[in-house]
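Both complexes shown next keep subunit A, but they swap its partner, so subunit B is in the first and subunit C is in the second.
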Partner chain A sequence: MHLRRHLPHYLMIAPFMLLFAIFFLFPILSGFYYSFNDWNAVQPAKFVGLANYQKIIASRDFARSMWNLGTYIVITVPLGILVALGLALLVDNFTGRWAHVFRGAYFLPVVLPSFLAATIWRWIYAPNFGLLNMMLGWFGMPSVNFLNNTGSMIYCLIAVDVWASAGFNMIILLAGLKNIPTELYEAARLDGASKWQQIIHITIPMLGPVLFFVVTYGLISAMQVFDKPWLLTGSSFTTYGGRGNALLFPVMDMMGRGFGAVKFGEAAAYGFLLTLAIVMVTALMFVLRSWSDRR
Partner chain B sequence: MRIISKLQGGIAGLLASVALAGAGAASAEGVTLEYWVYSDFAAGDALALQQQFIAEFVAKHPGVKINITGKGDDDLTAGEIAGAASNTLPDVFMNGLNVGAQLASVGALSNIYDKWMAMPESFRAQFNADAIKSCTPKPDKMYCLPYTGFGSLLFRNLTVLQKAGVDTSKVPATWTEWFEQMKKVKAAGLYAMPDTTMVFNSVAEIYGTTGDASNWGIDWATHKTRIDPTVMTKVLQKFIDMVPLNSGTSRNDQATKDLFIANQLAFHVVGPWVDPTYKQAAEKNGLKYDFQLVPGDTPDKHGGIKSYEIVGVSPGPHRDLAWEFATYITAKEQMGRWATLLARYNGNAAAMADPKVASQLLITKSVEAVKYAVDVQPPYFVGTVPSCYLATVVDIAAATADGKYTAAAGAKEMISQLNTCLAE
Partner chain C sequence: MTAKRASATSPTIWTVLKWTVAILAAVIAVFPVWWMINVVFSEPGQPVSINPRLWPTSLTAGLQTVHVIFAETAYLHAYMVSVCYSVLTIAGVLLFGSAAAFEFALFDFPGRRIIFGIVMLALMVPTAVTIIPTYLLTADLGWLNSMQGLVVPGLASAFGLFMLVQFMRAIPADMIEAARLDGASHLQIYWHVVLPLCRNAMVTLAILTFMQTWGNYMWPLLVGTSPDMYTVGQIVGMFNSPLSHQTVEVVMTANLLAAVPPLIFYLLFQRKIVEGIAMSGTKG
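== the complex of A and B ==
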């Protein structure tokens, strides 16, 4: 009776469930299976237990990529959101044509193809005659090889990433800003609140749900960082990560193990370690949010 | 009786021939070959010539269709590995020798040794012997036919050299002479060279100025590097000496080409593929340049690297027809037309010797460069070179140039780390 009543509903969601099972569930489950096997994508998989996971965790490249990832996340996520919030507040003050102009200008890097953005930035960072080094030269400072100096490479990447992602976050935050009732600001102004106080006590709390989305999305994206460091270092499947592996990140290492070394079992294990980390971070974000809501 | 028997034999033979011919035609009828090439071979004039090759082949094989698809380097590798895993490999495809081991390990490449040996000697003799050797890791295993290739050349900006007071008619014959010219360029306030420690290929190019094939590459039997510490010490010293003279950009950077075109950079050691860019700059902006062999430590030695793009045949159901197509596009006549169009060296030695092709200076220089250059990552089709190997060479070369190691200490450390990497 229950089944008969709900059959049309099940049939309606069946196409989605079928496609989800084929294109998501099956690859995920087969990837999980292969992560416990020595497998080159063609020969029969050979069960090796946890050896792939152990090998990855014990490798120098894994330690290096995790260190790079940690440094990158700690800086790029908060900095990116701060810049995006600043831009959103700035654009929110404009109306009419200027609002469109600024919104379009700041969003431009988001739609720029990654390879084009990387080419532009490689020029900016070029030693001796690059834009940045030319500016340093005006102040009598020596040329810096930004993309070949292991101390500066990660900060160069962070700058590119903040530049590229700020527009996207700005649009989301801007939508959040538009939803804040103006009465709140009017009341605050009547009470003598400064602009800064309005931002701290009205804007940020009212943007809470939007900020939660932006932070969570930013963390998940940051953990999967791939194209920008890959392009900035001129990487390929056989050589990647730049000098001293200063721009080696987990997805790059995973790609290299898969298509460079043809060790897809290891690559699958790497993928699951990364997925586990992303799930844990996302879960932590939700726990923190619910804890914050309860307070 | 004997006549009847002969007649019977003759008729049987005739019938068999007809049957075979019929079977051949039937097997080709309605067949579609998938053919993957590098993306720059699937655009403009190169695509037009590839399509002409296809049309010529199809005219001789009615009912056959060939789809050509262009892909970037990494896309080719990923597609071919994934294709091997899912039985969706293209029938004929290109890639580089340096990923040959990966492709062979996943079974993407047919062992074409028997088919190769079945070809007439006149066909086999067309190819560069070293290139064929690179495709043949074992006496009975052959995985590719060589296609386009390169030997590094020394591109010289003549305007920069003249500004630096260098007699451009005197091509440096040795490293010492070349280095003297580099110093003069620097003294004139210009850049002598790109930073040769930034990518593996440029480290290898300078290694070639001192070392040779006997002390380069990997010994897969012992999992040890074949790099000689004495040779590497000399090479690392060259990197140290070049630090004040270089532009800080890599051999492959667009910025390096722009510096060369803007008359800021004197020398660029790279493959012949930069020539169209420089040629265009010469026509439009008056760039004065030439290309020479990379000088080595002695007048009879030259540096640089060489490698080949390859044509592979997948072990799919159309492998016989695919092999036939592969031999068609790599044969002298096609390779000659291909070389004439692109002004690019290729692995068909007979085509390179053709007067029409050999009249192109870039090709004759390349043919000469290939004789001296070291292979990029030999031996091919034996083991997958781990990324740590390539990274270690670059990292230690750069660290030594930066003063972290002396040349001797750098060479020792590099070899130790390379052996550890290979052991892992």
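== the complex of A and C ==
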């Protein structure tokens, strides 16, 4: 019988698929349902249509967190990838033991849990005692409370972010660099191309697909930034975002609405709005890629 | 490569620049971690003008702080919770993931492509959209503040499945056929033929899963709200919260203790970790 022949296959995928259906597919559907309801997990849910979505879009916190997210992404994604590309090219120019040593050093921050990146840097930024302020002190400059200054907070986050994630992208770009045939460089050298011209005309174009992955993945994870700003600002579910909401980001705002204000319907709607934004950005990336491929 | 040969014989401006930048970048990458260690292993309370914490100065002071943290806070208990959480998650991800990957990669059955496609779509769905409903489901199941609440919702790892399928696709069909002709059952082929061939991929996935679970801050924050379910991440968050009023030495010791397991893993398995990440990126 047909089914019987295939039964072993279904049995083997069953545990994974069951868990997947229960803890992944079902939550997406139930979240979609909650997003149209006013619900605090105690009283019965009340259907409110699109009111949750409207409330979020009209709220000041949403505008603030989207503004912060925009600023953050525009700087951190290109900067992080430029640094990672620089590191990859650097490591690629060393051989043997030194390539290994430098690669190992640059990758070290990636190994640490991201909550630790935030908690270590919180102290580097700390007034008086912190490493940065100690260094400012060497030059006779006054102590700055970096994480309490609405102008500098977002740059503090970006620095931590680049520090913590550059090594990850470096590894992926390095793997891409190793796949570029050396003949291309040899030919270019024979034509008298300088090191810089080789990078621009061979390395970058040949890295295209890898760069695309790194940029897209970087955008998707940057849009969901949570641990680092949460811990840098010492946030809790009732007070988050830091001084003047300078480090308020969408996922933080969503978590606050869910677990601080106990409005789960609103939080679920927030999740869908954010997902919509992520899907749009990802789709845009793919459109840009096919457009540049065709050119 | 000619450029490398030339630079090996005569140091040019390019070589000097290369080394300067490489060393500077290495210092920036490593120094925050080094500084954390220095703060832990120094006499508490010394002003930075006397001891700038650029190198460790007092081993006993550091060990004393570690001792105090273990004796007076629930850190050791959180360590246990985090270790259990990680080990169980690794075991589940490897077991369920490899069993499913075995089927998706090596056999054909009705619905295979569609089902696999749906799971792969999950790779693109952000955590943001699932985390709150998944929390509500976990709460409905009565699993808040329990180990199964921490572990089970994270077991169906689409990433793990993807990685193992990629790896298993390289196994020649002849090998499976030969084992079948030798009279091996379906389960025996999985356990005795395919799994041993995937040892490398399994180890890499185990390490990546460890890093991810150990570093997971958001999920334990929601599920483990009572002190006896706190993970290391939460304890570290508490030491660092503005309300904790701990001295920098104590907070940094809490940070360092959380960093030790991943750092050890990194020193032991550097190549595997790096390969795993390179593989997930270039094949994705």
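General observations
Note that in this section the second predicted complex is superposed on the first by the 274 of 295 C-alpha atoms of A that agree within 3 Å, B and C clash if a C-alpha of one lies under 4 Å from a C-alpha of the other, contacts with A are read in each partner's own complex, and residues count from 1 in each chain.
One rule holds in what follows: contacts are C-beta pairs under 8 Å (C-beta built on N, C-alpha and C of every residue); 3 or more make two chains touch, one makes a residue touch a chain.
Remember, it's a predicted structure, so these values are computed and weren't measured experimentally.
Under the clash rule set out above, the superposition-derived model of subunit A with subunit B and subunit C contains a clash between the two partners. In the superposition on chain A, A:148 makes contact with subunit B only, while subunit C stays out of contact range.
Shared-chain residue A:41: touches subunit B and subunit C both. Once chain A of one complex is fitted onto chain A of the other, the partner contacts of A:261 are limited to subunit B, with no touch recorded for subunit C. After superposition on the shared chain, subunit A has more residues touched by C, the comparison being subunit B against subunit C. Once chain A of one complex is fitted onto chain A of the other, the partner contacts of A:238 are limited to subunit B, with no touch recorded for subunit C. Using the contact criterion defined above for the overlaid structures, shared-chain residue A:127 touches subunit B, although it does not reach subunit C. When the two complexes are overlaid on their common chain A, residue A:61 makes contact with subunit B while staying clear of subunit C.
Judged by the touch definition given at the top, the superposed model places A:249 against neither subunit B nor subunit C.
In the superposed model, A:6 lies in contact with subunit C only, and not with subunit B. Comparing which residues of subunit A touch subunit B with which touch subunit C, the overlap comprises 41, 119, 122-123, 126, 128-129, 234, 236, 259.
For subunit A in complex with subunit C, the residues that touch the partner chain are 2, 6, 8-10, 12-13, 15-17, 19-20, 22-28, 30-31, 34, 41, 86-87, 90-91, 93-95, 98, 101-116, 119-124, 126, 128-129, 131, 134, 137, 163, 167-168, 171-172, 174-176, 179, 182, 185, 189, 195, 210, 213-214, 217, 220, 223-224, 226-227, 230-231, 234, 236, 250-251, 254-255, 258-259, 264, 267-268, 271-272, 274-275, 278-279, 282.
Residues of subunit B that touch subunit A in their complex: 73-74, 77-78, 81-82, 84-85, 98-99, 102, 105-107, 191, 195, 198-200, 247-250, 252-255, 259, 264, 384-388, 390-391, 394-395, 398.
Residues of subunit C touching subunit A in their complex: 1-4, 14, 18, 21-22, 25-26, 28-30, 32-33, 35-36, 39, 48, 52-53, 95-97, 99-100, 102-104, 107, 109-110, 112, 115, 118-119, 122, 124-137, 139, 152-156, 158, 161, 186-187, 190, 211, 214-218, 222, 233, 236-237, 239-242, 248, 251-252, 255, 258-259, 262-263, 265-266, 270, 273-274, 277-279, 281-282, 284.
Put simply, subunit A touches subunit B in their complex at residues 40-42, 61, 119, 122-123, 126-130, 143, 145, 148, 234, 236-241, 243-245, 256, 259-262.
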